[in-house]
Amino acid sequence: MVSVSEPPSELGLSDDQLLDILYKMMLARATGQRERMLNRMGKAPFAVSGEGHEATQVGTAYALLPGKDWVVPYYRDIGVALVVGQTVRDLMLEFLARGENVSSGGRNMPSHFSDPKLRIVSGSAPVGTQILHAVGTAFASKLRGLDEVSMVWFGDGATSEGDCHEGMNFAGVHKLPVVFVCEHNQYAISVHWTKQMAVENVAVRAEGYGFPGVTVDGNDVLAVYRAAREAVDRARRGEGPTFIEAKTYRLVPHTSDDDDRRYRPREEVEEWSKKDPIRRFQAYLEEHGLLDAKTRDKLAKKAAEEVDAATDYAEKAPPPDPETALRHVFKEEEGE
Amino acid sequence: MVSVSEPPSELGLSDDQLLDILYKMMLARATGQRERMLNRMGKAPFAVSGEGHEATQVGTAYALLPGKDWVVPYYRDIGVALVVGQTVRDLMLEFLARGENVSSGGRNMPSHFSDPKLRIVSGSAPVGTQILHAVGTAFASKLRGLDEVSMVWFGDGATSEGDCHEGMNFAGVHKLPVVFVCEHNQYAISVHWTKQMAVENVAVRAEGYGFPGVTVDGNDVLAVYRAAREAVDRARRGEGPTFIEAKTYRLVPHTSDDDDRRYRPREEVEEWSKKDPIRRFQAYLEEHGLLDAKTRDKLAKKAAEEVDAATDYAEKAPPPDPETALRHVFKEEEGE
Amino acid sequence: MAEKTMLEAVHDAMFDEMKRDPRVLVMGEDVGGGGVFRATQGLSEEFGPDRCIDTPLAESAIVGVAIGASLNGIIPVAEIQFADFIHPAMDQIVSEAARMRYRSNGGWGCPITIRAPYGGGIHGGPYHSQSVEAIYGHVPGLKVVCVATPYDAKGLLKSAIRDPDPVIFLEHKRAYRLYRQDVPEDDYTVPIGVAEVKRKGKDITLVTYGMMLHHSLQAAETVQAEDGVSVEVIDLRTISPLDKQTFLKSVEKTGKALVVYEDNLTGGFGAEVAAIIAQEGFEFLDGPVTRIASPDVPISPYASVLEEFVLPNPEKIAKAIRELAAY
Amino acid sequence: MAEKTMLEAVHDAMFDEMKRDPRVLVMGEDVGGGGVFRATQGLSEEFGPDRCIDTPLAESAIVGVAIGASLNGIIPVAEIQFADFIHPAMDQIVSEAARMRYRSNGGWGCPITIRAPYGGGIHGGPYHSQSVEAIYGHVPGLKVVCVATPYDAKGLLKSAIRDPDPVIFLEHKRAYRLYRQDVPEDDYTVPIGVAEVKRKGKDITLVTYGMMLHHSLQAAETVQAEDGVSVEVIDLRTISPLDKQTFLKSVEKTGKALVVYEDNLTGGFGAEVAAIIAQEGFEFLDGPVTRIASPDVPISPYASVLEEFVLPNPEKIAKAIRELAAY
């Protein structure tokens, strides 16, 4: 596994950017936690968050040019959505299925991010289908001679789907500017990765499609960022796809419908809590003199306030008008 | 590429078996040729044959125990069907869609082999679906503790389908006794393999599923046999799947509906005609003193006679009774 | 006899069949740990992980491998976690499972059962709410069951597992824990392809299945009480093979037919029921063959207000009954 | 104006649209070399291999990549080589293309066209003969066209390519070279969602589409000549959105409806047409809404005698017309 030990300066990130990365991770965590809390309070029927995946999500998305590059996330990617420009308010409006929400106007389940102006492609629930969409946006970029990059995120379980194979193969044949990010959290709901694949590192499959695959420590945000950066640069240079496997862990159940005590030993969860990517990055920044307790608390407070404000706003926002259920099946005439 | 140069005795095949292998190759060729001729004469609307693939088909199938092992061919596999026990008469009855034909009673297109007593699994036309069926028969063998092996054949184009990936992954995870045989003839109809995959040897993909992949000269019947033999032995020992990529070439158009002059330079076809697997094996046997012109002619004559007799029989056999079109949608009660 | 939910009944049918026949096994995503709905709870512990198999996340493989295994002496009960995720397996189901017997002229059979929880009304949004029965009810070679009650679920799932041909077994998610019903512990089966009159009536024949059975029964009570309209409610239970005699006989008596289904109106399976009545029951009809279903939008949008707007419910059904009764 | 086959008309529509709009491209298996039916003949030469793209053999990828490309300024015309091979792409079509706009509340659109040659009567056996329109006609968010004549093919394919939403464009294989018809060289379109009365009549309304249009027209001539029965033949052309006004108006006039389709009877799209007539046209009806379709077996078995036994043809249709006329 690639892991980062060198000083942050080597990565070309400014101190502000490093703190911004930390903040986005904290914000993603706080948002996910709040959503799960609201769910437990009975304010929303469903919640799914990426707690534990923050390094992977923020580290990869941070390598993109927001608004220019194509973002094709899956349901766990609160961190991705925040990095490329969605606000917590956007997410809370979506979470509470308010009419105003930009992702879907209350039609899709929570965490099915969509935002045309940010080039976040609307996602569905069937696992893995979005991989082909990212290959498609990248294909269009190439055909149109645009130096955009497409990035797509999915889980370890998703690698078993036919669409994952077809997408990687298509991307390899056409040498497309697409980065595949596998957030390998070792489980597909209750199914351990050893029942999903017979290889230690699924990134080795990339070779069979004619492009590089790398395995990184998905809880090390700078290692992830470096791998993503290289992949994005490579793609932008026209050298084709890269597959990034980020080994991580979700610290919470699969969704609000799941009880992970059935299948994950508490010791394992404990073990991984110690590797918490946020605490780890904080320690790293402290070590390099870029963060102190005061700043950390300030950031935490800021994140909490942002989440509070967004929650307040969203709770007050009205649900969609029932009749809107009939709209947008097909394109509407102007003025309709 | 693995290629065989050692004397035949090293392979554990008797002289009789070597001649039988040659005969099966010649018979497959003669059958395919006859079918194409009958098609041109207007006696059948469709023909698809494996001319050029005989070494790959006969060499792989020869490693199986007929009636015990599971045979999951695709539409090009006349050679496979003959090796595991179908007769030319069976094939001709199928080709002419006679009611008596064991494969389908005139329901499936020609060369969609099926024979329950020989454990040849009925195939469809959608490319690659049968790969999962072979994984399924192998799964059952393993669950039931039976030392059967399943072998499945498909083209280079089929490797692009999701089912191919899902099948190989499933087989890898469960370490199943299945052998994947890719008859890599470099084209999927008109599409050259370089538009199908971005790797020189598709066998490298096996590694990503946790089992070995080998690339062999698919026009060298003994090289193919050796690879298949090893794979079958491995599978039978419970050591899991093997992927065999046999590089070969079809010497004729894709099917009777195809005009390959549109997409294949004549020189390329010429070049490969020189590598004809049958002539090559004949030369090899002659070199090792196992074949002379007389025996060769005798075998050719025997094949021609077998094909003649089968054609005669099949031409006289009646078409299916129209009303049978309504039967066997579901299992019929005894005596129905 | 114990009171069971439909979910428990589904579980029990698998348990019993696995006990009865060592060839039966269960396979699918997360089934080893009991499944996301807990339908396979305890099967792995009782019968071992080799008979309750966690597969990779790949629906085409689940069905395709089940097909192959079924050719070699196994009787697989394949679970698709949500019916919404059955589409990647479409080709294996339609091209392969459904045609194995036909294309081999009876040579091969494919005795698999594919279970899939389906239907809306559970805040599942457009990817955990779909009805898929119309797609498969149209495919020759498949049997399609849509269960809605505990008793029927157990008896029909046993029939499905024992059936020599592929059965798509659809369990309405909202009916899973809706209520308890006496379900015999003893072995019994409910035959595939037989509808049941779940409520007798004389003014209108209401043909339905799945969750809409419960909504329809409720609507029938309401109109009986409030309007004195007597509705005969027929639960198809199986949509393929379709038991048309039962509803045609009823229409002969009532002269009026209302078909209620949760799926989108256009091209839903209720269209077939209505078409049969319009052709074979034409002489009995005293009014238009009426359909109540969801409008033609993805079923269903997530927000409660949207979902309620879209799905048929007892009020919408009662309204349709009144209108038809007044015709 | 030149006489063209339907196949040529399909080709010309793509050619013209690629010329007119640089965003339009064609992708699929073997399309670069002209395609197995030659529908894309010469497009690669004219517009370059980047606008006529040979894809890997993977239908889900063909559709899924087309979807993604359509989000980024491309207007893909994706070819599925035979409609029988569309099933592996089912999930991408139903879960993704059809719902992209709805689930994003109008934020994203998916302007793709998926062309697929379909239908039987060409000795194609059960895997080169299927009708798939019922599956897709049932899915909200998809438009579904079934063409059967050269003029309509060109005009409708242009409309499909220009449509901002996904269109499943089904071309009946047996109609490809059936006959020639005057097809304007000029730009013209035929609107999606509008049926056409292809033959005027007063005794019976016959609703059909695809190859059955031709068989129906022939049957109508026969019964006119032999029995003096006057049949109005309506070609739906588009099955979704469905132009029900055209056939309801006709039934109002004739009082009798015959629905003819090639697909399996049960759950075929004709069931929807019959159901609409039975509900909305009930007051006009003087006889049972009658359906003629293939029996419920895989369409179609390969041997000629079997195929002929299964598929509807002019004789079977004429027989049904006579029976309905005599009702």
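Letters A, B, C and D name the chains as they come in the text, with residue numbers starting at 1 for each one.
As a working rule, a contact is a pair of C-beta atoms (placed from the backbone, for glycine too) under 8 Å apart; a residue touches a chain by one contact, two chains touch by 3 or more.
The model shown is predicted, which means the values in this text are computed figures rather than measured ones.
Contact tally for A-D versus B-D: the pair with more C-beta pairs in contact is A-D. On a Cα centroid basis, the chain most remote from subunit D in this structure is A. We define each chain's centre as the mean of its Cα atoms; on that basis subunit A and subunit D are separated by 41 Å. One inter-chain figure worth recording: subunit C and subunit D are separated by 30 Å, centre to centre, where each centre is the mean of the chain's CA atoms. With each centre defined as the average position of its C-alpha atoms, the distance from subunit A to subunit B rounds to 45 Å. Per-chain CA centroids place subunit B at a distance of 37 Å from subunit D. Among the residues of subunit A, those touching two or more other chains are numbered 104, 106-108, 112, 124-126, 160-163, 166, 169, 173, 195-197, 324, 329. For subunit C, residues touching at least two other chains, in rising order: 55-56, 58, 60-61, 84, 87-88, 91, 95, 99, 102-103, 126-127, 140-141, 296-298.
By the touch criterion stated above, subunit D contacts subunit B in their complex at residues 29-30, 32-34, 36, 54-61, 84-85, 87-88, 123-128, 295-298, 301-306, 308-310. Partner subunit B is touched in their complex by these residues of subunit A: 160-166, 169, 172-173, 175, 194-199, 202, 204-205, 207-211. By the touch rule above, subunit B contacts subunit D in their complex via residues 45-46, 97-99, 104, 106-110, 112, 124-128, 157-158, 160-163, 188-191, 195-197, 257-258, 262-263, 319-326, 329. Touching subunit D in their complex are the following residues of subunit A: 70, 72, 101-108, 112, 114-116, 121-122, 124-126, 129, 131-141, 143-144, 148, 150, 162-163, 166-167, 169-170, 173, 324, 327-332. Touching subunit A in their complex are the following residues of subunit D: 25, 50, 55-56, 58, 60-61, 63-74, 88, 91-92, 95-96, 99-109, 140-141, 143, 164-165.
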